[in-house]
Amino acid sequence: MKYVLRHLGLYLLAIWVSLTLNFVLPRTMPGDPVSALIGRMHGRFSPAQIEALRKAYGFTNAPLVEQYLQYLGHAVRGDFGLSISAYPVKVSAIISTALMWTVLLGVITLLLSFVLGTILGVIVAWRRGGILDSVLPSLFNFIGSFPYFFLAMLALFIFGFTLDWFPMSHAYSDLLSPGPTWEFIGSVVVHLIMPAGTVILISVGGWLIGMRSTMIAVLAEDYIIMAEAKGLPQWQVMFNYAMRNAILPNFTQFGMSIGFILGGQILTEIVFSYPGLGFYLVRAVTAHDYPLMQALFLMITVAILAANLIVDMLYVRLDPRVRTT
Amino acid sequence: MEFLRSLLLQRKAVFGAILLAGFVLMALFAPQIAPGDPTRFVGRQNQPPSAEHWFGTTGQGQDVFAQLVRGSRISLMIGFTVGFLITLLGLAIGMTAGFLGGIADGLLNVLTNVFLIIPALPLLITLASFLPPGITTVTFVLTITSWAWPARVFRSQTLSLREKDFVAASAISGESTFRIIFSEILPNMMSLVVSSFFGNVIYAIAADVGLAFLGFENVTTVSWGTMLYWAQNNSALLQGAWWTFVPPGLCVALVAFATTMLIYAVDEVTNPRLKTEKEISVAMKKFRIPARRATPVIRELAE
Amino acid sequence: MALLDVRDLRVEYLTHRGPVKAVDGVSFTLNPGEVVGLAGESGSGKSTVAHAILRILRPPAVITGGRASFAGRDTLEMSDDELRRFRWQSISIVFQSAMNSLNPVMRVRDQLLDVMQEQGIRKSQALSRARKLFEMVGIDPSRLEAYPHELSGGMRQRVVIAISLALSPDMLIMDEPTTALDVLVQKDILQQIAVLREKLGFAILFITHDLSLLVEFSTRILIMYAGLIVEQAPAYELFKNPLHPYTVGLMNSFPSISGEKRRLSGIPGSPPDLLTPPPGCPFHPRCPKAMAMCSYAVPVPKAVLPKHLVACHLY
């Protein structure tokens, strides 16, 4: 438990740092976003309205500390104000749907690549010197050298454009409306195949190679020799004795790379015009829509930290040695 | 020297080094290989590869080959510079934390962990959007968002080396902290530093390309990343103009792959367990020993 | 009839620098209920012999010759499947480091149960047998739920011994079972083993570098050097009358608590590099009694006295 709590403390600290960063950065720029908004709306506000807007966005003339505390208070309550680029849509409305799509894509890619990579890694390590062992690691090494989004572009080009097998953008067909119908779900799945597929293809290699090397290290341990001397069947030695130990370092590695993969998902979302948090973040940044930007950045960070927390809790269940520390 | 020699004996190292050297040479001699301004208009837009334009033309009628060759300079330069800076910063912070211990270590460790946890790309984008686009901006934001991972690695290595007897011996014999760090601890970390440096170079090149692709760099300069940005913006995919984005992407992948091979070779030479593993599998192949679970009985081996 | 009959066993390690003859023609027998001590320095090949019998040596080890017959069946000729069924039921093994032989993420109870359930024993029966085994080795059965890291060194070694007795084997190989423990615990464990042997009647091949342990404990002692057995004799006979110069040197290296004070003498030099072993008798470079023929002729074990074999040109 202390293990999880320690990590939780770190995550809360990280969230606070992101919040503060997002507060400080816009205020280092000349001008303020409210003026930008007024500019866009061609000055159709009365002074009273402008004052109200300024208050709403937190760009009052109050001392910085007061603004900061107000900002924190709003953030904790999930009130991020109104979007500037999509005025007057509420920021929270935009990010809630985006969050859903990002989490869907992210969870599927993370889980599938980790599970596939781990299983392949176990098989490859067990049959060392076999055909799979000489081919797969190098092959996946090469594939893994490609930037995610490049492979995404390539896949989009080959399978979307040239062969027309898969849709080229969005999370579901534009002709459908969201709802719990098979048609909708089917469309969602089909639209997931390429974005998820490209990320999985590139990430699997990492897990395979990592699992293979931890398996090789574990297979040299004495308790494996003992398990074999006990006359246990191969599959039992492989799973109960080897894999259960070899997966631990990979699991922590998995936790550490969640941030990298979910953060990097931005690029995939751009290539496929997939309406997730990353997609909107890039648009918000280009439009200098600070309220939306702040919220999106925070959401991405929170999603990553939540995933990390889940992984931490799972790890405690897998490794009895951390339970006593 | 011994290290270099055994390194060169590895096929992986030779392959990786040659490939990487090829790209570096291309970057160094870029103006000779593809003379003229790479952004100038040379022909019709989106022309497929031909004898005149080896990799075809872009959506704005520029020569892809020229852009590829000239762009390699910026991409590789940023990659190596940022890779070097990340390694340096990570080394400074990680070794200080690991060696000093106590409160300094605690604080630096928390700092490192926070930077590790906060997602890099979103932070990169946010920072880059507030600063004027350009090489200095890219170098700066990439460095301050990516030093945490090597810092963590170097810290744990410093921690374990600090406990070793030869360090205690130097401390007792009165060596100054400075000397201990530089002549005792650092040399024993060199292989780690080298592989970390190469890893950081790969990361830097990829991150730079990613940033450029999203449009957060100076899109008027020519680099592999901006080539990809323009390909995306000019809807290369919808036009079927694969030659505008495949070459730069492929180059990034090849540089990354070559560097990875080098890292593996360094690992194999320096990691004692990997070395014995390799020696065992070489020996087993030589005598054609089947890799079964039970010890094999081969009576023919006894003369 | 002998329980275990090892004849001319040869094991090589195929290193990248060339083959190393770790075991170069070892022959001995083990009778039911006997305790045979196998003593020698590190690198003498004693562990290799034991592991070879069960065929659990890791690459690049290869068995290159000989026979290891247990109750008439040669383990060197068994297929992987036959070996799997043979192991633990007939011969079990206790490794040197108990901490390393136990799976860190499995409860001790499960590591005891899985080997029994593999034989088709139902879980409830296996559990009650597990409790009995724990009582036999002197651990409170409530500790069955523990993970290896929660137990002390001595307890872990008892656990490993309990596991080794799970299928009531006829023979136990004990590979330096007490080396990693402190002296008091050592004595405890050895006493425990002796008691268990009295009760259950299994034979033991006891491997150690510490000759003094074998004095009271073993029936017969084998001395190994550089992959060969240089002397074999009943325990008391060996101590009273060591014949091989190496054995003599070993005896003189141990201080004794009782008796008169005498100078400790070691054996000059160091064990040979098995990659390029010396010609003739492997011990001759360090032997105080070396003769001319020792440098080119390999000595063969001869029965100098009844049941007392030596491989030395002096005899």
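A, B and C are the chain letters, set down in written order, and residue numbers restart from 1 in every chain.
One rule holds for everything that comes next: contacts are C-beta pairs under 8 Å (C-beta built on N, C-alpha and C of every residue); 3 or more make two chains touch, one makes a residue touch a chain.
Quick caveat: nothing in here was measured; it's all calculated off a predicted structure.
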Central chain (distance from its CA mean to the mean of all protein CA atoms): B
Based on mean C-alpha positions, I'd like to know which chain lies farthest from chain B. C
Which pairing of chains accounts for the highest number of C-beta contacts? A-B
Need the CA-centroid distance for the pair chain A / chain C, whole Å please. 55
Per the C-alpha centroid definition, the whole-Å distance linking chain A and chain B comes out as 23
So, in whole Å, the Cα centroid of chain B is separated from that of chain C by 51
Give the residues of chain C touching no fewer than two other chains, as numbers and ranges. 56, 58, 83
Multi-partner residues in chain A (2 or more other chains touched) are 220, 228
Contacts with two or more other chains, residues of chain B listed in rising order: 284, 291, 293
Touching residues on chain A, where the partner in the complex is chain C: 220-223, 225-233, 236, 240-241, 244-245, 248, 318-321, 324
In the complex, chain B touches chain C at residues 279-280, 282-284, 286-287, 289, 291-299, 301-302
Chain A contact footprint on chain B (complex, rising order): 110, 113-114, 116-123, 125-127, 129-130, 202, 206, 209-210, 213-216, 228, 231-232, 237-238, 240, 242, 245-246, 249, 252-254, 256-257, 260, 273, 277, 281, 284-285, 291, 293
What part of chain C is in contact with chain B in the complex they form? 10, 12, 14-16, 19, 51-52, 55-65, 76-77, 80, 83
Touching residues of chain C toward chain A in the complex: what are they? 54, 56, 58, 83-89, 92-93, 95, 97, 100-106, 114-115, 118, 147, 149-150, 163
